[in-house]
Amino acid sequence: MCRWMAWSGQPLLIEELLFKPAHGLVDQSLHSRMGVETTNGDGFGLGWYGGGDGPAVYHSVAPAWGDENLRGLAAHVEAPLFIAHIRATTGTAIQQTNCHPFRHGRWLMVHNGVIDGFHVMRRDLMLAVAPERFDEIRGSTDSEVLFHLALTFGLEDDPVAALERAIGFVEATAAEHGIVNPVQASIGVSDGESIWAVRYSSEGKSRTLFASAEADAVRRLHPENPRLERFRDEDRVIVSEPLSALPGMWQEVPESTALIVQDGPDEVVAFQPATAVSAA
Amino acid sequence: MCRWMAWSGQPLLIEELLFKPAHGLVDQSLHSRMGVETTNGDGFGLGWYGGGDGPAVYHSVAPAWGDENLRGLAAHVEAPLFIAHIRATTGTAIQQTNCHPFRHGRWLMVHNGVIDGFHVMRRDLMLAVAPERFDEIRGSTDSEVLFHLALTFGLEDDPVAALERAIGFVEATAAEHGIVNPVQASIGVSDGESIWAVRYSSEGKSRTLFASAEADAVRRLHPENPRLERFRDEDRVIVSEPLSALPGMWQEVPESTALIVQDGPDEVVAFQPATAVSAA
Amino acid sequence: MCRWMAWSGQPLLIEELLFKPAHGLVDQSLHSRMGVETTNGDGFGLGWYGGGDGPAVYHSVAPAWGDENLRGLAAHVEAPLFIAHIRATTGTAIQQTNCHPFRHGRWLMVHNGVIDGFHVMRRDLMLAVAPERFDEIRGSTDSEVLFHLALTFGLEDDPVAALERAIGFVEATAAEHGIVNPVQASIGVSDGESIWAVRYSSEGKSRTLFASAEADAVRRLHPENPRLERFRDEDRVIVSEPLSALPGMWQEVPESTALIVQDGPDEVVAFQPATAVSAA
Amino acid sequence: MCRWMAWSGQPLLIEELLFKPAHGLVDQSLHSRMGVETTNGDGFGLGWYGGGDGPAVYHSVAPAWGDENLRGLAAHVEAPLFIAHIRATTGTAIQQTNCHPFRHGRWLMVHNGVIDGFHVMRRDLMLAVAPERFDEIRGSTDSEVLFHLALTFGLEDDPVAALERAIGFVEATAAEHGIVNPVQASIGVSDGESIWAVRYSSEGKSRTLFASAEADAVRRLHPENPRLERFRDEDRVIVSEPLSALPGMWQEVPESTALIVQDGPDEVVAFQPATAVSAA
């Protein structure tokens, strides 16, 4: 059910994180250790902020491990903020419009997890999307509908609150259908400046999510590691599962929290679905 | 904006109609003469009735002219009834779930044309689809929504009446949005026994559609042609544009009519959208 | 490094073996138990003998587990002899021309394994292919070159002897380059009448290969199993790994042997690369 | 039989030339005016020099007009030198390894045209490629073999002389096989600093090739055009067919010449295949 990673910091060649670490995201497409499935081969996507307007997005239905174009892009594109996602479908079609990240204007979203009972709720959830946004839904995944629900509930103004309302709405809808524990999610959202990383599931057993520790702490722990020497204070990596076994390098994002990676100190805030929302 | 063809009659190797005629459907993918676009290279689809339950469907996002698998299938699959479609997108994504024919149970549908203003009406039209059928909509095309509207309005009981109601509903919805002449269509529908071929457009200038003439008339006209000699009385070809320039071979399906190819004498009936329908 | 299966017997819907068994080939594409890799997601191929001239071949670069077309084909195509292959590349490109089975006239071949040092020997091996056959090599795999070597050495006249000469030639070439144990192979070949299944590796530790036991023995062992009840005397399945854990159902093909499935009693013969061949 | 374009000059968003001009290369993929085929839908490729080592290459088997990834890349990647190619196959497979540009180290090559009789000569031509380079040939096109012949004959030291030797060798080989007028070519080569653009055919009727005029002449001709105002002295566009009908903008590259776009004044030199070469 997918894995993802995000980078924010100094401009970095994308391959530094996607291909070079022993257990980078491309390796996880074949050999995920902490995911529900070991194989995440149902396409992938990469979004980055750089030249041109808004984020660039590259989507492919091929498994990440074998895609020559991804290898080429990652070796030549440098960006200060990028998000990558590998997909293991929970039943919807393998097509580019179902690949993450989803994009709206400057915003990108990736999702690892599932909305249980989505096929039963799909109509209700799509109806709750703002009508003027309805036709933007191009694929058939639960994740894309969740993105448009969050946009409907104000993602561009307050990402955490909007995701809390969107997930709260899904849970309320599920309750009406008698579906228990509908939401399983780790979510990454960015506007090109900050990254919001949410870990939440209705049952409180969420998919794994980790962030790199503070740069100076990491460097102090491993003074002999030349790679970490280049790590700067504002650099941050968020990953579904650690890229390496380096002690002290990876901090688990706690259950039901949102990590906000931003200029200045990053923040961890509680994430609590809003239960009494209605889709106006 | 697409081209299609259908065969009903004696079991036939599919390549006999797709590849062998000088201007067969695969040639039309590169060199359509009567279509809005000369190139129909945005994927294709093939549906046939044969072994197994219900129709088989093969969809590809590759242009038909270069697809080795289509060439192989067509050279080895024989069927008494098949429908093929080549696509020129009017804007929606090039993906297998947007390829025709669309399937539901034993039913297949292909569409050449467009619903003008679809992006404005998409939400209204999808809401009119029977709720229990909503999640069957897997792609993003106007054609697939039209198919599910027709199913909602009784396609499996009375195909012509259901299509009249579906198109009538689209026209009524368009009127509410101030969209004129919304429907442009030649449509092929089959349940594996009969084929319903409809030619209709709101403005009365529909995409071209032709059917092969009665077999004995054709043979009498061209007694020297060995290919036609094998043509039997129940054999019928329906095409967006003639496969050959053989005089007397192709009869244009008139505007606003439905041709019904079936056991016994085929029929041509008037096609008139039902104007006062509501999506119950 | 790939998995494959073959069927010979009564006409059978392909899905009966590809999809329906708990550990059918499509399941093996995600969860191979006996292969070098658990994932065989670098494309697949299917060849069958039926309508039309010679075998039909369907190749795809998508993983078998997610290919809707394969699912559709397998549910509607019935054949008395078919071969399927799932690929895990050893480095060459993921493209249809690298998918098995390879075809020449009525002949098909699949290969599970590798020619070690192929990149060093590729030129020498391709030069040994009959010049008039050289341009038939369309992809870049070791397997396809091995197929054309075998054709050069008489595959169409005596498959086992030709494969012995082809593999002997590869081993002799490898020796010149200082490459040890170059050949690792389980190979399936068919002309539409018989199947030749070879298990051989230079080091004597070959990829796994199994054949279904005699039909009556199988039925006697499991009188309660309705599926086996339909199993007839001439039915035979060959698989890289057993489709099920049914005791007595699967017999390992021994090292360095060729199993010949044919009209009348099947045969097992020794397989010994011919060491003193030259590419005339 | 393909179309291509190249840019050298100030860093430019790739879409400025690929998508924005009315008759940019993507439009030519559907509506080529001067090509042998109006449709060039058998894949495409894009190579650019920028971040990372050597050129980046993006290859796709989808038609350029419908590829969302190409649209995204072109809108976000800026480069001082890039080459794009759209393909209309002359018979070889539609696969990424057959897409141009071909790459070797810092070098890229695109080819519009054909080697007539290639299938007869393929073995001879591949044997003339330096043995240590043989395994680099990954696809099945005449163009890729021509690239490796040119590399064998010294492309990295003297591109024009190497192409003269390579084409001379093809013509000599063709003569042995009784093939007349074998080479039809417009070729673009780059090392990231300069571009060599060759127009040559054995019969002296080569594919079209144009280069943009000197920047100041262009600006003086069209002082009112804001786009041209940004055109700088070192900016140069090379195209199979003009992107626009602007008078004075496009100069035809003459038959049997090579245009060298480089730092300082560009050059036009005669191109004459070397007739007495042997593949050492």
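To keep things simple, chains are lettered A, B, C and D as they appear, and every chain counts its residues starting from 1.
Just so we're on the same page, a residue touches a chain if its C-beta (ideal position, glycine included) is under 8 Å from a C-beta of that chain, and two chains touch if they have at least 3 such contacts.
All values derive from a computational prediction rather than experimental measurement.
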Intersection of the contact lists for subunit C and subunit D: A, B
Contact-richer chain pair (by C-beta pairs counted) among A-D and B-D: A-D
Centroid distance [mean C-alpha coordinates] between subunit D and subunit B, Å: 41
Numbers and ranges of subunit C residues touching at least 2 other chains: 68, 93, 96
Of all residues in subunit D, those that touch subunit A in their complex: 13, 15, 48, 50-53, 55-60, 68-69, 72-73, 75-78, 96
Footprint of subunit B on subunit D - complex, ascending: 30, 38-39, 41-42, 61-63, 66, 68, 89, 93-94
Residues of subunit D touching subunit C in the complex: 92-93, 95-97, 119-120, 122-123, 126-127, 131, 134-135, 137-140
